[in-house]
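You will see two complexes here that share chain A, one where it goes with chain B and one where it goes with chain C.
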Partner chain A sequence: MDIFTSFKICSSGLTAQRAKMDVITSNLANVETTRTPEGGPYKRKTVILAAEPVADVFGTALNAAVRAVKIDSIAEDGAVKMMYEPSHPDADDKGYVAKPNVNLIMEMADMITTSRNYEAIVTAFDATKNMALRTLDMGK
Partner chain B sequence: MNDMLIRGGDLLPPSLHTPKSTVEVQNEAKPFSSVLKDAIADINKLQVNADETIAKVQLGNTASIHEAVIALEKADISFRAMMQVRNKIMDAYQEIMRIQV
Partner chain C sequence: MQALFSKTIDLLSGMLDYRAARHKVIVSNIANLDTPNFKPQELTFTASLAEAAASGQAATLTRTHNKHLSPGSAQEAPFQVHQAGDKVEIDREMTNLAENNLMYNLTVELLSRKFKGIDTALREIK
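Let's look at the complex of A and B:
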């Protein structure tokens, strides 16, 4: 067992939450984007997370239970919002423009969840560190 | 230093020495000085690792801030653990030096 195992898991969690925040920012920035290198409007993206075993944890009993997290993939939302804007250069012949399916309120809610999750992991890290430091103070 | 043998690898936390050295210490009572040297080398490696991560963050490469901070904390905790070991050794040494002859 290693106190650094908790650190490794915290690190993976923080990386995952950072990636989620990156994707949310990207969705917010591209809320009106109608042109992409692949063609068509920007597609709303979401991060899919997967559990990952941590090398050499606690021993056999907890080996199966303790998991870090990793970014499995980035899913794309293929749906588009059709908005009537005949003056837009990307409007079709009926005057409708395909806009990304980004809902500002949903993205803000996701952002709050992500930042709170990040804070929770930081708190877990601090608690682990304090445990280690308290252990070193033992017997003084 | 050979007369100060420490039997059993329980002095240092498991993270501070490699499994190889634990086995050796338990089997053939490795000199204490080399256990300490191994531990210091491991801790130094963590410090160097923390430095490298910070350099990466400053250069805007792959590493992110939290990785640098976590590397620093790892280095900090292992250094503190080493200092505790050192304090115990110094206590023992001073105790021996106080013996009246």
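Let's look at the complex of A and C:
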């Protein structure tokens, strides 16, 4: 039994969820940002995940079923919210400011989902570790 | 050898193989919780465990020449992967994980008791 494949899959999942969390916090932190180095307001970002075959399981039917996760890309939401704030320094001549298209409620909901997903993977990791330890104890 | 390590150990190690493989599949499902277009997988026996253990002993390889080596340890996994539903359901996967984990531990426990039994028998002879 190759228990390390399970560990590898768990860690790829944890990495993916952590990246999602990074991006969500970045969106939340920049909810009001109107200036960025590349110009214009901050663009809302979303992590896109993809399943990835695990390389070292050879010669079994499992090859087709077992998948790790990888971060496929980070999509940017180019849309902006136009808010009427004539006093804002970045307001255009009609008094509108381009704000990032970040919806606080949606980001918070995403954050909870990501955190729960992370917990689920941690549980899976614990179970894997438990199995490995039990196997080591078998001869005792 | 056969007197000491009977069918029980073959059966239990087959079971252990199955549980380990199924664990891998479940972990992969959980890791891909929110991967778009990911289809969850499930692992089932193609035959009963008893048959699986028996077939694991001698995989059916055809000898086309009598100087070919006879099939020895070549084993094909006696279980089969199939798609389970259209998207990952976390509660189902977590239940499967817990159940599979318990069954794995149970199998390990049975194996280790079997070994302990053999050990006791040997010790009493001395």
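One rule holds in what follows: the second predicted complex is superposed on the first by the 136 of 140 C-alpha atoms of A that agree within 3 Å, B and C clash if a C-alpha of one lies under 4 Å from a C-alpha of the other, contacts with A are read in each partner's own complex, and residues count from 1 in each chain.
Simple rule for what comes next: contacts are C-beta pairs under 8 Å (C-beta built on N, C-alpha and C of every residue); 3 or more make two chains touch, one makes a residue touch a chain.
Remember, it's a predicted structure, so these values are computed and weren't measured experimentally.
After superposition onto chain A, the modelled positions of chain B and chain C are compatible, with room for both. Between chain B and chain C, the partner in contact with more residues of chain A is C. By the document's definition of touching, of the two partners only chain B reaches A:18; chain C does not. In the superposed model, A:120 makes contact with chain C only, not with chain B.
Contacts of A:4 after superposition on the shared chain: chain B is touched, whereas chain C is not. Between the C-alpha centres of chain B and chain C, as viewed from that of chain A after superposition on chain A, lies an angle of 40 degrees, to the nearest 10.
In the superposition on chain A, A:134 contacts chain C only, with no contact to chain B.
When the shared chain is aligned, chain C comes close enough to touch A:67, but chain B does not. Once the two complexes are overlaid on the shared chain, A:55 sits clear of chain B and of chain C alike. Taking the two complexes aligned on chain A, the least Cα distance separating chain B from chain C is 9 Å.
Counting contacts as defined above, chain A residues 1-3, 10 meet chain B in one complex and chain C in the other. Across the interface of their complex, chain A is touched by residues 16-17, 20-21, 23-28, 30-38, 41, 43, 77, 79-81, 90, 93-94, 97-98, 101, 104-105, 108, 111-112, 115 of chain C. Chain B meets chain A in the complex at residues 13-15, 64, 66-67, 70, 73-74, 77, 80-81, 84. Across the complex, chain A meets chain C through its residues 1-3, 5-6, 9-10, 12-13, 16, 48-51, 54, 57, 60-62, 64-69, 113, 116-117, 120-121, 123-124, 127-128, 130-131, 134-135, 137-140. Per the touch definition, chain A reaches chain B in the complex via residues 1-4, 7, 10-11, 14-15, 18, 125, 129, 132-133, 136.
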